[in-house]
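Quick heads-up: structures coming right below.
Next, two complexes with chain A in common: one pairs it with chain B, the other with chain C.
Right, the complex of A and B next:
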């Protein structure tokens, strides 16, 4: 398996290196779909330049990276391209290993269930074979590395690639069962962009499941492990934040990074829902809607955790997808991360309802983004509504994609417990509906 | 010092009683209310009213009808006083009740381009101290409204200018007092002021009322604290920029409503002296118009132990006589101002008209009528100029017609103008509404000397500057600034401030470029005409330009006012300030008609997400039982009613 993975990596690095050397690199790094005010490379360079001038990078409103990023690139500014390529490779390899491990677990569980004769007899065609599962990890790595979104994000040197690497490492550590490393990487991811906070629940559920501790609020063992994990998580978060404080000896970065993410003051267009909404918002409703939109991102983690408490990895996928759709400054790099998971759910394909439509819309929107941007900003023949319309459609497509996978997953689970070919009372072929 | 002040005060009181000058003791509110009356729209007859001879007091303080009778007496009294003045060296003369004096001056410089540059300067000097904790309530020549502002806000220095049009340095040379298009205000506060920002905010609102201008639009988003470019011009060597505030309103339109309150600050108003020439219908029919007020403490005497306050009002105007004179370059006072001079301001101790005849030493270029025997030489902006002087306090100046109408008849085409040594241009490069680049070109035309200049750029926050893209090149080589002060912007709070010291090589162009990104604003933050664009104020270039002529540093009273404004220590150079063009930058705009639609559509998308997740989270899969047909359901209802088993 190592050889194909190496090949994938080599091809991916070659594509990136070629693009870095081409004239496209500069064009890509200016695209609003690829970079947001939060992770643009231009702003990282600006922050370092401000530091060189003796001005705190957080005294202005251009730099919104965390102090650790400054520290990292203070030393690696000349090797930035290599850093980003390595970050992408780390993400891919981490996802590869994590999914490999996860698939092994899935297969083992399926085997036990089959041996215990827990599945209805007509569900044999839903069973997963080692043959089809064999290439899934490689597909995941490929989906991440060869995804045009990832390539664009890497060539634009968006720090989103680094965040993705941290999240991928977190997933790997969680699936491998290392609670401490998982907590540390989760803290790092949270420190970078707040939103991965919602990944706390799936990680906890996964680790509990691994230790065969049932999610039961009355069990002391549950509370013991939860508090252990929470302590590790918050402890490492506190350590990282304090470390940042000591790097610059000021707390300026808190409002400048987290305040900036949460209060959305920069309305530069991006592929998300926030920019035009808050550009057009009535002033006295602004605070209310900012609260609503931010709570919206975090809120889904509670019902999803309850519904998917037996499937933490799928829960993780759902959370990452929701974050990348509803976060305040999304870029295509965020989308690439959850899209890398799609091969893992290959077996849900037969239950997807509108995957064709969604794929077409996503492709069409991706092509239309630069076109309508050009018409608005450069040609002057369109206005902001055109670009806004495309972001709306793009987000609807993403929502449909995610909810379709959610539907398919739930439906498969239903079939696994109730049989694939359901009969009506009168013996006719039954149709399943949500009630 | 205190004893001396109390004596002065006593003397002032005695004089007041003797002269029966009406006693004014109002608070600042009164002063504030007064100029507000100018804001009345369509006060068309302002000029007519001021034109007709009336008994209104020459000093703009209060104009209650009861006091009119007393005003007449004051006219005469001060006139006597002014007449008694010409022997200041005489020790036996009684000390004047108010230790203040007023001087007025008009410099006319015919420009090679065919335009005529006229610069009025009115200076009021008062040996008093507004900030020693003592309330100054008796005003004579100094306008009370400004005096109260100085003492209320503890101002050390105040400079304000309103300009319509752009000064073309390459065609017109250096102005005596440069000013940027629009409004400019910079104030040094005393170091006793604790809440400088609060004082600044209040001050801008008060000045807005006094000058009838939109200075109330000055807020934290266009105020900066330059560290090096704006040093105090008067007494005191403060360098702590915490007490300095600088703001520019490049979009401010200057018109009659600003001129009228400005004229009212003059002791004679616009009824006598040089100010009779200031008729708005002519002044605003010009290529360039700039009026300014500068207040600063200066030395009282050579020992410089005590300060006195100088109020200098300047008005610069460039007339395009070439166009308005049907292609003829002839000009006269009457042609330009539609008035002639008939007398000096009775309150002034000096009233002079200077005409620059440097290019015309033998009279071969033009004839200047009437002929005046007085000649004066002064070193202005590094250049020795020769002026013909008309002393208005001398009756002979007006001749038999009792009016002075300067007249120039051209005999030949103008000679070569000396090219200004320092010049600059600025423009925005790039296309589209996403990014752009500000280019500032600074020209040093000096053939062999390099000199440093201070460049100050203030860029509003919605153009996000990237300082790492800053490049400074001269003669196609990188020219590293020796000093850079950069304050990045805060969204909706403060602008970018970039100050740097650049060495200009001789005979070179230095190009400063910096890239910026255009922000999308909230729809309520756009101006009513968003597609017109947003103005970026002029950048300021301050320099000590080496002069050909050694500078005369002997600070005597004999020097003409226009040559003595900026203090100059170095003999071989003079201080020059150049303002570049303001920029007009377009920003991307949202659709202003869409707020409801956008809110509805975006909320719909969020609801689609929420709804589909909610559906999947709360419902479970169930086998659908087909519902029976309508006839069957009806039959069942009847059967249930009859008590028969259902179908």
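Right, the complex of A and C next:
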């Protein structure tokens, strides 16, 4: 399998290299869909310039990346394009390895369950065969590397690609079962953009499962491991934050990175839901609604963790998707990360109901974004409502997509425990209704 | 959400949609057409009204007295122009300086990609002369522009004269809060383009021009004046700009309001408005006016010098004086007063014109249709595409799922949403779909690049002029594209399965829907006209329909023929019908103008047609000949 993966990587790198050299690169790096105030390359360069001048890069409200990033590029500024291409490749390879490992586990579990005769007999067609699972890791790598969203994000040199790489490494370490590395990468991801905090729950559940510790609040072993993992996580987070402090010897970055993410002062249009609301809102409601919007991102982790406590990897996918939909400065690069997971759930395909509709809407929206932007900003004939309407539609489609997968996953699990052909009490064919 | 999650209701809906698909499509098409035609009916339109506060409530008094002197200046200008044999730059500079303006010139040159036979120009050198009247009352951060093109031949002297007269008069007034720039541009649009690019420090089209030495503030509005006789009977307002962009409706309202006030006959599309909207002839008149606007907007070319301003976010319109055989004549003083009034109102603006509509169609100067009213006409056509996507193949498959997608992936006979025998369906290889898509797009790219690239070669080998060479190459490539299905087949080597064309059609339908949707948003008229001809083709083409007949229909509804019809319809609407041969000549010149518009001003219609619409149509052509 190494050869196809290499081929995928080579093609992906070629496309990116060609685009970096073309005149499109500049155009792409200006698109609001691709870069946000947080991760725009222009701002990183500005921060570097300030740093070189001996001024704090956070003075002047332009730069909002973390100190580690600025020091990374302090040394690698000349190789930025290569760094971004490597970051994408790392993400793809990490996801590839992670999914390979995960699929092995899934198959092994299925085999045990079959041998123990735990599935109803009519569920045989729901079983997964090694044949169909064989290409999934490769598809995941392909979905990530060849996704136009990823390519755009990489060509725009949005630091989102680096964040994705960290998250992918975190997933790999978690699935491979290394608690320490997983905690470190999770801390790094959190340090980069706060929101991956919600991935703590799925990672913990996964690691607990792996050690055969049941998620039971009365067991001391559960609490022991949880505190261990939390200690590793918060410890490494503290180390990273302190390291940043020593790099710049000031705490400027805390308000300017995390304050910026949480309080959303920059209302440049993007594909998220925040900008329009807060541009329209009266100032004295702002704090309240900021709290509501931000809690919204974190809130779903509680019900989802309870519902999906046996399926941590799917939970992880859900969390990443929710983050990328509801975060304050989303870009297409964030969407690409969760879209890379879609091939993993190929077996849910038969239970998906609106996938086609959703795909069409996502596709149409992606085409309409630049058109409406042109009408609003260049032609001056449309206004922000046009653009926001498309943003809204785009997000509704994403939410539908995610909830469709959620429903399909639950439904398959239901069938696996209750049999595929459900009978009503009167003997007729039953249908499952989601209400 | 019940509709999306409840399988029973879904099934009911999809059953309905698949069973009645064809009738629904036909009804939608007719409804879309009827809706569009209904837009010209006066009770369905809105009266225009001034939205901008700064221009609405304040009264201005127009006192411009010097019409005769302006005409005399115009005659002097004509004499100097004849003497110099072009733009009398020195004279203009001196005259403007004498009127107290800051005068600057800008030289520009441009080589056209091929000779323009309509205007007989190839290598263009010219000079723009402009004078700035500095605002006495405010910091010089904003400006207004009055332009008069200095055209070849014996036209437009009166406009230049009036411009100079107004400059002299304006110079003596104290109330100007915005700089006023008086511009006389040579070689109409090319000069305008050079001046605008120079003013805004951009270079979009690769033209050579000398940088501007003087600037006013950011331009808020511009008026372009075209007059060809000393007295006129009516003034015509031209709004359509580059890529079908229109200025804010308030500009049209302003013009209309002043025409009413000063009592000048005003027209749009050269058509007076009539009050008898409830008679058939009254309705026809309104429909003609609107259709003319649609045709002009769809062409995507600037219909006056104002057209290029719109790209820079500047509201602009052209005012054209028309002298016909009416009794009632208007003299230059009155036109001067009209312009003075309009400029004084524009001078009162506190912010850019933005209150009123940007998307509108006008069946008469006093009525308009806004985007909310005309979009449904397009929406009804576009929904056909989506309906066909959802179930165009009901004849052959039991369709229970809403989507063709589901049918393609898992055809579940008889069972409800997904729970059913998973049939092993050999999905058509990506290659068999990708090949036609790539080949059609390469044909499109050839159609876009080759005509200009290969003109020299064509001129060497055939007895044609460069312009003819370009146009004929374009037509040849267009026709050669029709031979493609047979070529594609050799590549595929018998891979054309039943499922293959379904997927291809699905892709093509979605592609067309997105394409037309985007086009209609930017340029409604173009989107609508293309939808009118392409949607029936897209909806009903399968490999199983009778070949010869459908092929003829398809060719007759192809984008090229649409253009040909548009030429005839336009002439018909202008009330100057042409014979077939004349129409053909006109068609050829329209093609060359389209290509020129793209390379000179960056009009998007030609690239859109060549790179996207035509390849998309070729995909349907491919489906028809799918084996």
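By our rule, the second predicted complex is superposed on the first by the 433 of 435 C-alpha atoms of A that agree within 3 Å, B and C clash if a C-alpha of one lies under 4 Å from a C-alpha of the other, contacts with A are read in each partner's own complex, and residues count from 1 in each chain.
We adopt the following convention: a contact is a pair of C-beta atoms (placed from the backbone, for glycine too) under 8 Å apart; a residue touches a chain by one contact, two chains touch by 3 or more.
Because the structure is a prediction, the values reported are computed rather than measured.
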{"item": "Chain B versus chain C as contact partner of A:356, first or second or both or neither", "value": "second"}
{"item": "Touching partner for A:59 - first (chain B), second (chain C), both, neither", "value": "first"}
{"item": "Which of chain B and chain C A:135 touches, first, second, both or neither", "value": "neither"}
{"item": "Chain B versus chain C as contact partner of A:71, first or second or both or neither", "value": "neither"}
{"item": "Chain A: partner with more touched residues, chain B or chain C", "value": "B"}
{"item": "Partner chain(s) touched by A:371 [first = chain B, second = chain C, both, neither]", "value": "second"}
{"item": "Chain C-contacting residues of chain A that also contact chain B", "value": "378, 400, 407, 431-435"}
{"item": "In the complex, chain A residues that touch chain B", "value": "30, 32, 42, 45-46, 48-50, 53, 55, 59-62, 265-269, 273, 275-283, 293, 296, 300, 303-304, 307, 325-326, 376-378, 383-385, 388, 392, 395-396, 399-400, 403, 406-407, 410-411, 414, 418, 422-425, 430-435"}
{"item": "For the chain C and chain A complex, residues of the former touching the latter", "value": "4-8, 10, 245-246, 310-311, 313, 352, 354, 358-359, 389, 402-406, 409-410, 416-419, 421-422, 510, 513-514, 517-518, 521-522"}
{"item": "Chain A contact footprint on chain B (complex, rising order)", "value": "431-435, 461, 464-468, 484, 486-492, 496, 517, 519-524, 588-591, 594-595, 598-599, 601-602, 605-606, 608-610, 612-613, 615-626"}
{"item": "Residues on chain A engaged by chain C in the complex (per definition of touch)", "value": "125, 349-357, 359-360, 363-364, 367-368, 371-372, 374-375, 378-382, 400, 407, 420-421, 429, 431-435"}
